[in-house]
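Structures follow.
Across the two complexes that follow, chain A remains constant while its partner is chain B and subsequently chain C.
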Partner chain A sequence: MELPPAMTSRWDVERFGIGPMATPRQADVLLVTGYVSLKTLKRIIRTYEQMPEPKWVLAFGSCTVNGGIYWDSYNTITNLAEYIPVDITVSGCMPRPEAVMDALQTLMKMIQSGEAGAYKKYKENYEYYKANQDRVLKKTVPILGQTPEMDLEGKNEDAKE
Partner chain B sequence: MKMQKSDVIKQLVDRGNKVYDLYENQIALEVKKDNLLNDLVFLRSIGFEHLSFITAVDFIDEGEFEVVYHVWSYTHKIHILVKVRIDRKEPILPTVNNLWEQAQFYEQEVHEFFGIKFEGNNDLSPLFLENWVDIPPLRKDFDTREFSIRLYDAEVDGGDI
Partner chain C sequence: MITVLRVFLFGLFAIFIGLLFMGIGRKVIARIQLRYGPPFYQAFIDVGKLFSRKSITHNFVMDLGMVMSLGGLLATMLFVPIAGHVAIKTSTNLIVIMYLMAIGYLGMAMAVAASGNPNATIGVSRALTMMLGYEVPFFTVMLGLIIFNGTSSLELISNAQAGSILNWNMIKFPLAFIAAEIALQAMMGEKPFDAMIAPAEIASGPMVELSGKYLGLAFLTHAVAIFVETAIIVNLFMGGASNVFTFVLKQFEIYLITVFIEAVFPRFKIEQAVKFLWTVPMGIAVIQLILILV
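Now for the complex of A and B:
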């Protein structure tokens, strides 16, 4: 919601050389805006892995940091950094366009000083990230230990992939 | 021909149902599980041609689910909540998707989130959740907070405590 005003004439991030890209393959920075459900997480990982290196991730808003107001939901992950490496986070619910511009400029400075290189961490610690991703996306046993009485035939098709 | 709300209530009471007059254009109707299809067919025949929604309520202390069918009439401008109570241990209802096609999706949703089975509906595959192995998440005995803590390593109140 903050991105359209940030991109258009009022805040105009293009003057800092920042612009939206049409596909992940052309992008340098991935902005994850808002809460992440399991379905979204799957697509975020796919998008992130499609991006060519060097690449950076900006986690946007309280929800991606610790789940925000949705932290105790059954379908919302609470810490994006467990699943993909995050370079910089912007807190706020929602953050102002100024905060987005500030974060992107800080990211630029971090890139110049060599601080921002989380994508290297992803390659080095791939097992850690992959294990976390699989734990939530390919779970096979009930988390709370209660087995559903109703038949769940066909519900676990994704896990077998 | 447009019927007054009082006429509709009278017809329903004459059929032996319990009727609650809620608002200017809304009434609630309690039916028995065995009479459900009969009553819905009757409502449709007197002009309630639109099914807006199907939802469920989990009365865990009473050991029952209440399934609510929202039907609306474009001629009478009256919204009826058809409520049916079913046993929580045996949550089975007949399907209504041959009365209203759109019931297909509502029944899939109610099945996904409450585990209520609709007999005669051949496709009760999940719509929203991917790879769900626990008990249906909107049942009252499903602890979303505990689930989130165990699966997503959620920190209570964002780790402030």
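Now for the complex of A and C:
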């Protein structure tokens, strides 16, 4: 909800050279805005793995940091950083558009100083992330009827599909 | 050796001017929408960043198609006279230019068809349909000018308009100029004729699978396309120029008109766009053709 005003005339994030991209192939930064339910997580992982390197993740709002008001919900995850590597978080519920712009500029500085390289961590510790992902994604299997194997593993299918 | 150097220089010049125009165009659109907008050199930063990124390719045909689309447009650019300078001299360059310009789009079509993404395929089929739409009125306009001047050499047509501003084809054939201007809008893929890109609808169409260097090549292709298309209009209707600086300034005026239209218009559906191009600019062009012939 905070991103449309940040992108359009009121806050105009384009003046820093930042713009929205329609596909993960062209994106540098993945913004995860708001709470992440298990079904969303599956899509986030898939999107993240489609992005070409170097790539960065911005977790936006309290919900992605510690669950926020959904901390005890049965189908949302509480800490996004356990499932995909997060470079920078913006806390608040909800953060203002200024906070988004500040976070993006901080991320730019971190990239220049070489601090932000969480995508390397994802490759090095893939087993850890994969185990965490599998643990929660198991819950998305419907009680009645089997889902195809592909969904169970939460695997990233090729874009050719 | 000198020829090779000339060709390189012309290519670099076209890319530089095209990227500069793109950056200024983004700034102008931002100011129209009451934003600050990115700095005018943003397009250079973008291309630099894209070429430094890791990119994903699907197969060899995709690589070939991207290079072919840039190469096709650069080849077109060698035949376009820029203020009297031209890389390759021929006497009938207008026909060669129109022939070579299609290669850019065909290369792009080949690349995205090889990537196998349905959004990209929809996008490129729309782009080729749009090409069908704008080439008919544009060719009609050109036919009128070729008949009037008795030559298909772009240099001779632009030289024939030398002297005062009243000799410009823009003043002499205003209807042809309007038709060409509308066709140019579609040629550049700007709104209201950007159904092939449509980010909200088909996820930026042909560009959907392009990452890193491929997107960078697409940017350069677009930059050269802007340069070539505005240069053709300047030569046809604004009498070329005596030096390069004036020429680029005239090109910029043409590009600015396109950007102004782009900033305020919504998008046509593809069938509406082709219908519009085949009725309004085509009608205007035919009336002008009849006026020239009579």
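Keep this in mind: the second predicted complex is superposed on the first by the 138 of 161 C-alpha atoms of A that agree within 3 Å, B and C clash if a C-alpha of one lies under 4 Å from a C-alpha of the other, contacts with A are read in each partner's own complex, and residues count from 1 in each chain.
One rule holds for everything that comes next: a residue touches a chain if its C-beta (ideal position, glycine included) is under 8 Å from a C-beta of that chain, and two chains touch if they have at least 3 such contacts.
Predicted model only: the values in this text are computed from it and were never measured.
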(request) Mind working out whether A:25 is in touch with chain B, chain C, both or neither, as first, second, both or neither? (result) second
(request) Would you sort A:78 into first (chain B), second (chain C), both or neither based on which partner it touches? (result) first
(message) Tell me which touches more residues of chain A here: chain C or chain B.
(response) B
(message) So in the superposed three-chain picture, is A:113 touching just chain B, just chain C, both, or none of them (first/second/both/neither)?
(response) neither
(request) List the residues of chain A that touch chain B in one complex and chain C in the other. (result) 159
(message) Which stretch or stretches of chain B touch chain A in the complex?
(response) 91, 111, 115, 117, 125-126, 128-137, 141-155, 158-159
(request) Spell out the part of chain C that touches chain A in their complex, as residue ranges. (result) 26, 30, 33-39, 42, 45-46, 49, 53-56, 58, 116-117, 199-200, 203-204, 207-212, 215
(request) Show which residues of chain A lie in contact with chain C when the two form their complex. (result) 8-9, 12, 14-17, 21-23, 25-26, 28, 52-54, 159-160
(message) Looking at the complex, which residues from chain A come into contact with chain B?
(response) 38-39, 42, 62, 66-67, 71-79, 82, 135-144, 146-150, 152, 154-156, 158-159
